[in-house]
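Order as written gives the chain letters A, B, C and D; numbering starts at 1 within each chain.
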Amino acid sequence: MVSLERPIKFEDVDAAGIVFFARFLSYAHEAMERFFAPLDGGYAGLILGRRIGLPAVRVEADYAAPVRYGEALRIETSVVHIGRRSATLRYRMIRVHDGVLSAELRHTVVTTDLVQIASVAMPEDVRALLGAHLDPEQAPVSAGRPV
Amino acid sequence: MVSLERPIKFEDVDAAGIVFFARFLSYAHEAMERFFAPLDGGYAGLILGRRIGLPAVRVEADYAAPVRYGEALRIETSVVHIGRRSATLRYRMIRVHDGVLSAELRHTVVTTDLVQIASVAMPEDVRALLGAHLDPEQAPVSAGRPV
Amino acid sequence: MVSLERPIKFEDVDAAGIVFFARFLSYAHEAMERFFAPLDGGYAGLILGRRIGLPAVRVEADYAAPVRYGEALRIETSVVHIGRRSATLRYRMIRVHDGVLSAELRHTVVTTDLVQIASVAMPEDVRALLGAHLDPEQAPVSAGRPV
Amino acid sequence: MVSLERPIKFEDVDAAGIVFFARFLSYAHEAMERFFAPLDGGYAGLILGRRIGLPAVRVEADYAAPVRYGEALRIETSVVHIGRRSATLRYRMIRVHDGVLSAELRHTVVTTDLVQIASVAMPEDVRALLGAHLDPEQAPVSAGRPV
């Protein structure tokens, strides 16, 4: 599990005064960039140097409790599934001030050649990093299981 | 079904050159605002006047094909489930230039008192509008069924 | 002068409840895209097809009155200066519901080869479109004059 | 001078492949939040607790060199002017990898009662913090002088 603490930004809230639901996917992406930072060149090196990306094919987000400006989230990233060309990451986003789970996301990505926009075999260093943080979910799992 | 056509903005793409995956939730929210426009005062009136909001409790997004700057999406919004205090909207986002489905989202919202941040019974005008566009999905539906 | 009407989006506000100051530059860019829509292929064709961009070298923004969710802005775009490789656009952003000026921006851009990231002579169709909406400001102009 | 280092996020670029010009104002706001962190409750406490905000009345941004995903900016924040109810902050945004100035912004804010949306006398703790980082610009200053 890789942990990232992130304060809520002034512009992250919406007209209802709570963090806008789409922002949690931005937070997840930041957590994924942090997760892949140990790669040579980091996530940016993967994208810009090797031209391999990890576009999403599926996201499930469960929103449990709102979070506001002035608060912060601790994002705990782990891996629940590794396939041949895909993987599913899980992000638990926890409010720092009271330990309450704000949101939990599952994010299935496919290793993709960004020039051809076609899936490619998962690079070995990407697979090794994912494997080091594998934490499969226990059966029985209801609707929403990563595929 | 309510339809909205939306060009991709210059800033919507990411460093991989395709629309960032979180933006599709922003697009879904725009489509929802359009969906609720027939309410007296529109969606803004609901939020700011009546202080009733529709925060998400769950989102499922399936990404099928990338979309780029210079292209546009047609977003078709319908309703797949109406509960006592919740509803699930479905957004099909279709590339205008070739008719290809880019993404499909399911978005479950709960009618919420924004002052108390507590669920409330669904207002009748909201229920009526949702009902006018109800298009339930056929069984058998696999993982990802709205709850 | 080219006019664009734009409702404020749910996510455009900040934790103070008014549109975040950076969003006005996003609005200006949308207005610029609309301004250049008459080009063959539009602004996207310029960027993606001809690989010529218009990056900003200077922006001045004067914020006069806040704008909120539920309101809309009418953005009036004109051109106050055309140089050899640069131009300055002016955006007056006016609240639709009461006609009050919310913000006024001056935006100096340079015609740029996006492959080399080097300035290039202004294409003739770009110059012609700018010239059609030229509305130079009157002397004496105080600090803040476009250069 | 208060310094903040900030990596460019995956979603901060635009369809030209460089950081979108409006993002620099978001970065400036983050730097301002960092600048005011020593206040009791930080910037969030000022906004949410005391209901005093610092909305912009003017921004000047000079863009000198583009910055890309995979790079980072060091933002050096200082104060060039303190008035009775306003102040002007200056942000120098420097690319970490080569020390090149990417952008320089001047940001004039007014201490504002967020309930009344009316200017108020500058709180003493705000004034003291600004004064601790005052670095007035030398005359002669050309167009673009903070007012």
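Here is the rule we go by: contacts are C-beta pairs under 8 Å (C-beta built on N, C-alpha and C of every residue); 3 or more make two chains touch, one makes a residue touch a chain.
These numbers come from a predicted model, not from an experiment.
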Item to check | Comparison of B-C and C-D by number of C-beta pairs in contact, larger one | outcome: C-D
Next on the checklist: Quick check: how many Å separate the C-alpha centres of chain B and chain D?
Outcome noted: 35
Checklist entry - Which whole number of Å gives the spacing of the CA centres of chain B and chain C? => result 30
Checklist entry - When the C-alpha atoms of chain C and chain D are each averaged to a single point, how far apart are the two points in Å? => result 22
Next on the checklist: Quick check on chain A: which residues sit in contact with 2+ other chains?
Outcome noted: 10-11, 15-17, 20, 22, 26, 29, 44, 47-48, 68-70
Next on the checklist: Going by the touch rule set out above, what shape does the chain contact graph take here: line, ring, star, complete or other?
Outcome noted: complete
Checklist entry - Inside the complex, what are the residues of chain B that reach chain C? => result 9-11, 26, 29-30, 33, 42-45, 47-48, 68-70
Checklist outcome for this item: Per the touch rule above, chain A residues touching chain C in the complex are 10-11, 13-17, 20, 22, 68-70
Next on the checklist: Help me check something: in the complex, which residues belonging to chain B touch chain A?
Outcome noted: 15-18, 20-23, 25-26, 29, 44, 47-48, 53, 55-63, 66, 114, 117, 143-145, 147
